[in-house]
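Here the chain labels run A, B, C, D and E in written order, and each chain numbers its own residues starting at 1.
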Amino acid sequence: MARAVTTQRKVFFTVASWAVALLIFFPILYTVITSLKSETEAIQGFGLIPSFTFENYVLVQTQNGYFKPFMNSVVISVGSTLIALLIAVPAAWAMAFSPTKRTKDILMWMLSTKMMPAVGVLVPMYLIFRDTALLDTRLGLTVVLTMINLPIVVWMLYTYFREIPGEILEAARMDGASLWNEIVHVLTPMAVPGIASTMLLNIILAWNEAFWSIRLSAANAAPLTAFIASFSSPQGLFWAKLSAASTLAIAPILVMGWFSQRQLVRGLTFGAVK
Amino acid sequence: MGMIELKGVHKSFGGTNVIPKVDLAIQNGEFVVFVGPSGCGKSTLLRLIAGLEDTTSGHITIDGRDVTGEPPAKRGLAMVFQSYALYPHMSVYKNIAFPLKMAGIDPAEIDRKVKAAAATLNLTSYLERRPGQLSGGQRQRVAIGRAIVRQPKAFLFDEPLSNLDASLRGTMRLEISELHHQLKTTMIYVTHDQVEAMTMADKIVVLNAGNIEQVGSPMELYRNPRNLFVAGFIGSPRMNLISGKAAEEHGATTIGIRPEHVSISKTGGTWSGTVGVAEHLGSDTFLHVHTDGVGTITVRTGGEIGLDHGAKVWLTPQPDKLHRFDKEGLAIA
Amino acid sequence: ETLTIATVNNGDMIRMQKLTDDFTSKNPDIQLQWVTLEENVLRERVTTDIATKGGQYDVLTIGNYEVPIWAKQGWLLELNDLGSNYEVDDLLPAIRGGLSVDDKLYAAPFYGESAMTIYRTDLLEKAGMKMPEEPTWEFIGEAARKITDRATGVNGICLRGKAGWGENMAFITALANSFGARWFDEQWKPQFDQPEWKEALQFYVDLMKDAGPQGASANGFNENLTLFQQGKCGMWMDATSAGSFVSNPKDSTVADKVAYTVFPSKGELKNHGNWLWSWNLAVPASSQKADAAKKFISWATDKAYTELVASKEGWANVPPGTRTSLYKNDEYLKAAAFASTTLAAMDAADITKPTVKPVPYTGGQFVAIPEFQGIGTTVGQLFSAVIAGQSTVDDALAQAQSITTREMTRAGYIK
Amino acid sequence: MATRNTSTLARFMMAPAVGLLLIWMIVPLAMTLWYSFQNYNLLNPINRSWAGFENYYYFYTDPAFWQSIANTMTIVLGVLAITVIGGILLAILIDQPMFGQGFVRILVISPFFVMPPVAALIWKNMIMHPSYGVFADMARWLGFQPVDWFGQYPLFSIVIIVAWQWLPFATLILLTALQSLDGEQKEAAEMDGAGVLSRFIHLTLPHLARSITVVILIQTIFLLAVYAEILVTTNGGPGFASTNLAFLIYRTALLSYDVGGASAGGVIAVILANIVAFFLMRTVGKNLDR
Amino acid sequence: MGMIELKGVHKSFGGTNVIPKVDLAIQNGEFVVFVGPSGCGKSTLLRLIAGLEDTTSGHITIDGRDVTGEPPAKRGLAMVFQSYALYPHMSVYKNIAFPLKMAGIDPAEIDRKVKAAAATLNLTSYLERRPGQLSGGQRQRVAIGRAIVRQPKAFLFDEPLSNLDASLRGTMRLEISELHHQLKTTMIYVTHDQVEAMTMADKIVVLNAGNIEQVGSPMELYRNPRNLFVAGFIGSPRMNLISGKAAEEHGATTIGIRPEHVSISKTGGTWSGTVGVAEHLGSDTFLHVHTDGVGTITVRTGGEIGLDHGAKVWLTPQPDKLHRFDKEGLAIA
């Protein structure tokens, strides 16, 4: 299919794709622009060139403090992802390389636990957390997010592991590798792209989880989702401040996503592509 | 140091009986080839020996020691897989060193052994490459390197050449044979390519549906196939098998004659027919002759025969090379 | 000792956060940790926590709706000893009454508000009308329609439409009170099937249709405030705390053209809606740090705090509506043109007798029973749908009646 | 691979994941089930009593119940339709030769990184606000009356916002699938005389089928639980126009503080979700085995 | 009806010149095989003919009509791909019917043609299966079915058998040859397996680095290779090539002798050496003899020779079968 691609065609698709992409990106772009406007400027109607004031960021920072919730978000999302991986890798190994008739069912059951409406179990959870002294602790939130994302992690890893030929693991076994060595020296390094992609996706999901992270935190463990909850509708003009807070809340994950998009995209198939 | 015995080994997967019951003794230093059609249980048998599958019943001994329940790592065997099963994230050096590292051998010793193995296999200049940067033949050599470095009691090969192209297959075939001459370690080699079986084996084990049909040296099987299955399987192109009247004339249900044992003439002979496809290989020509009465017979002739599609010919089998089989398909002595 | 303080993201509270240095310098052994959340999120967080005795917070910011309910559950600590210079008696009686159970104070008011009419003198003048001292809804309706000029984006009136018991239902309940309607009769039977409700709601819907802004069904206090500050509203009936915002020239483009008067009434009824709200600080009964918490509350709600704010931000920005003394302060009265109207409204509000007919509940723009949040919000949704044009007044009232009846039956009020 | 040794080991390896998830599911579920038979209002904890099926009855007869189910379906199906169809088109567009492909992909992927409440806030205040939103500005500029999105088309607006968030996800998965389409197959079809459209219908679409199922499965899981977007924008209104099941439970639990009722709702939702899951899993399970 | 001509066809990808300049005429009904080592441009040339690539310069005509600029669908050719390129979601029936459907032929007619093609290829009982449920050989047959059903002017095959195992490859080779006899349509067949080339072609085109080295019938190439490249490429096992003193004796830079043209003796001959690996094929034995002076020489002997590893032997080439090549590697007549 390597017939000549005419420049015309290429230009046409370039223009079309950029137009669509910018349209999709526009809400985010406009939020960033608005965050650099003054409040009165922000509601003056459509304008793409702000006055580049940073007062909103200063205000947001002095009002709420950005660093602590940011660190909480980082610790919780990365921590929960790592723990989930730690639990999921062996499980996915077992499912992929020693499947039984029930493997598929177990996998599907795991996914179905994600369908439980969170709010329906809020009070029980709150009580459990209170009694285990996990309320408003990073550990508590990490545990919750680990459990929430575990099914997806298992599933993703399972699909990657299944693509690894069993013969290689058998070779390792013949070579005298113990199970531990087999997983650490052979399986995991081979699945690195898949594991990286799983990790990224789950950090994103954990970062953006907004139900439990607000409900089970107060001051110490409150992540950025709670940070943004204090800006959703304050009194007076707030468009620019809200934009600044929004920008701050999404910027870290957005930047991380941009830089790692190749890894993320490469593995984002859920086994749908052979 | 490499004597393997299977005693009443039986294997079934769930309900299906893949290996009904096999007894087999492999001597130290022998090159044994398992051949048989696809799905006949060759790989399964090899994996039972390796310990990658459990026997359902029966025993496997290595050098007299019963290893039936032991995990693969303890059996002291090395295996080369069809897909090479190299570790893609490790360099050639690390691939070869892996089994030694797992055995906890010290780094200096590992280095010495890896370099020696690499030298044997002409891999010295590739040691830093990843498997992905190697050609098929080189990968296969790395896989073998990984096997020999441990100095195992026996090598197990599962169709190691089937992913290579024809000419490379020829070369690698030679290399493995040379290696066997050099190391004199027991080798068990699975293939469904009978050319490989014929050229490499000291002893061929012909399997069919999990049963051993015949065990013997290549020429034994070629000359005296015990039954129809072996007769049809060994030899390339296949033996011509004829049943019906022509067979009855020889007091058999089926007779067999190899293509190289049929002579061809334009003037007269036992069977008449017309030439179908003629395969010119340069040195030889294989004629597929559609005969009147005994079906299509393949004939091997010299390279320079002047017969073409549609020509009328007569065929005569060499009487002393005829194989006769009874109703059960067993050879009649 | 670290106090965790849960608070809403309102301007006055945020100002308080900025002034914490003053408190910590006076109490070096106490650290403050703030949890600032949007009002609804805060309420659900705090309620869950206190009801399950989670113990996450040492000081809570709660409304006068919650105080008596929670106090009766025994969830709040009595605030009996707030220090010698606290001057409990200086608190406005209406406010103090709302925060007391059996004459015991369970929360300290941070700021209080009632409702009033805010209007644009220039627009009214342009329409050739003059605001009476005690306007009636009839007058308001007429004036609003006259002022409306959609071409220039001027709406005659801005009223709350966003669903929520503390949003549109606060206003609509006050409006209904002024029309003589009530939520429940003495047997706790809902009254949406009564003509007063129909009249009030119809009036509100028609007025919003004729003179209200685009997308009014999503407008709450904040949205209307913005609209008004942008000069898009002729009149606005809402909380008195809006006064300091609309008159602040920094944010408001119409600061010099606003005036204030009381909440309108209907015909001869002279009921101005009885709106009374305060944000208060309270301490959970289970608190381990009660003394420190009380110290903080006392700091944040006493007279000295008012002066502190005045010295830093000017008198117009002090938290209003809690102390009689503030309304006797000349500097404040000079700085805040809305002060007298505010005081008058607060003094007039009677939460024990919100409407004309007798009721079994207390509360002005709300009904002080635990079930009200749910019921009020649901009914608010129904009324909001009418404003959005998705439903009719009759349908909405009928549904409100049946839903309320259902919930009240379930909760055991209706036997 | 399948020695007794390894299969025993496999059980052990699965134990933590399965065990934890089992606890994670069973404990709250059991508590929920228990509460769903209790009269338990958080604000009135003293009045706890056995309620029998009353909570279920009240939840089921809630005037918003049926509408909430319809709305749930609308949101799920609407978003799926937009993201799948849009995702396919977008994936095809991005797959074309162009300048700056990497950058385009970065732009397109971005909404996926935005947390749901922020996405809702941005759309509500910056884009769809009837006075200050970009849409309103555009409408005025074109001489139209701005549309009150959340008042007039609440469910549609929510579908748009949620679809915006999930479009990148669908696009990326479909793009990877698209790029894995065997080149020789395309050429074979070309040799066979199939035009661009025929190739799309007969080749590309069937090839994407697996990925589409995966997109549907994963998104459905998340879409059934959409509530933050509703909470921020419409609060379920006007009326019950944008109340879905998750939000209805939310309202019951955190507005009425009716733990019993919310638990009953939770149990109902679990049952409904499992019905959906059952059908989904069967089709997906089948599709993934292929 | 199937005459294809390439005139000065040149192709480069970006900067690399893959096909410098090719002139080639293919007659109607011919079976032409392109052979050459991997990467020599066989596939590219085929794809140029198919229209899947644009020529950089030069012209391609089919039956005298210039098709250089035409899209593939308009050229009336059919192609069978290495990977079969079957549509995985369609049944065998639909796969075969697809080109007809695209051509807008009416269903009854399609049905007739598909059934006919299926009958020709023994696919009738698999029509409802999906490609995934077929064996490799069956898949290949479906791919061919999809090609023949359109009654194209010519068939293009790109290594159609390279994914099959050895024995299946043999069978399919025969089937394609038979098909050619039956249809008498022009076929262009790409392979790097010289056995396929020898057995199937009417005319072999040997390519090397994009250049045509020699065109001719299999036996022509076998007997009279024009240069060293062709000599080394055609024939299996490969021709033994010897340079140095032994070659100079014959007035050439290099001499070549095929394994079948070397006679072996235990008593005396031209070159002495020891037997290395002996490959017993039953009918033949290939001996790899390490000679003193002319390197390793492969010798073909009868099946029943009694020589083994390490035996001392003498080799004698048949003088009339010697090939001589000059400094440029061209054959000396």
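The criterion applied here is as follows: a residue touches a chain if its C-beta (ideal position, glycine included) is under 8 Å from a C-beta of that chain, and two chains touch if they have at least 3 such contacts.
To keep track of the chains, here are their UniProt names: A = Carbohydrate ABC transporter permease; B, E = ABC transporter ATP-binding protein; D = Sugar ABC transporter permease.
As the structure is a computational prediction, the values presented were derived from the model and not from experiment.
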{"item": "Lowest number of touching-chain links that must be crossed from subunit A to subunit C", "value": "1"}
{"item": "Result of counting contacting C-beta pairs for C-D and A-D, higher pair", "value": "A-D"}
{"item": "Chain at maximum distance from subunit E, centres defined as averaged CA atoms", "value": "C"}
{"item": "Whole-Å gap between the CA centroids of subunit C and subunit E", "value": "90"}
{"item": "Approximate Å spacing (C-alpha centroids) for the pair subunit B, subunit E", "value": "26"}
{"item": "Separation of subunit A from subunit B, taking each centre as the mean of its C-alpha atoms, in whole Å", "value": "52"}
{"item": "Computed distance of Cα centres, subunit D from subunit B, in Å", "value": "55"}
{"item": "Two or more partner chains touched - positions in subunit C", "value": "44, 48, 52"}
{"item": "Per-residue overlap in subunit D, given as positions that touch at least 2 other chains", "value": "1-2, 42, 131, 187, 190, 254"}
{"item": "For subunit B, residues contacting two or more additional chains", "value": "52, 71"}
{"item": "Subunit B contact footprint on subunit E (complex, rising order)", "value": "162, 165-167, 170, 173-174, 177-178, 181, 192-193, 195, 198-200, 218-219, 222, 234-237, 258-260, 276-277, 279-283, 286, 288, 300, 303-304, 309"}
{"item": "Residue numbers on subunit D that touch subunit C, as the complex places them", "value": "41-47, 54, 58, 61, 63-64, 129-131, 145-146, 148-152, 154, 234-241, 243, 251-252, 254-258"}
{"item": "Subunit C to subunit A touching residues, read off their complex", "value": "4, 6, 9-11, 14, 17-18, 33-39, 41, 44-45, 48-49, 52-57, 220-222, 225-226, 229-230, 245, 251"}
{"item": "For the subunit D and subunit A complex, residues of the former touching the latter", "value": "1-2, 6-7, 9-11, 13-14, 16-18, 20-21, 24-25, 27-29, 31-32, 35, 42, 90, 93-94, 96-101, 103-119, 121-123, 125-127, 131-132, 134, 137-138, 140-141, 164, 167-169, 172-173, 175-177, 180, 183, 186-187, 190, 210-211, 213-214, 217-218, 221, 224-225, 227-228, 232, 245-246, 249-250, 253-254, 259, 262-263, 265-267, 269-270, 273-274, 276-277, 281, 284-285, 288-289"}
{"item": "Contact footprint of subunit D on subunit A as seen in their complex", "value": "1, 5, 9-11, 13-14, 16-18, 20-22, 24-28, 30-31, 34, 42-43, 45-46, 87-88, 90-91, 93-95, 97-98, 100, 104, 106, 108, 110-125, 127-128, 147, 150-152, 154, 166, 169-170, 179, 204, 207-208, 210-211, 224-225, 228-229, 231-232, 239, 242-243, 246, 249-250, 253-254, 257-258, 261, 264-266, 268-274"}
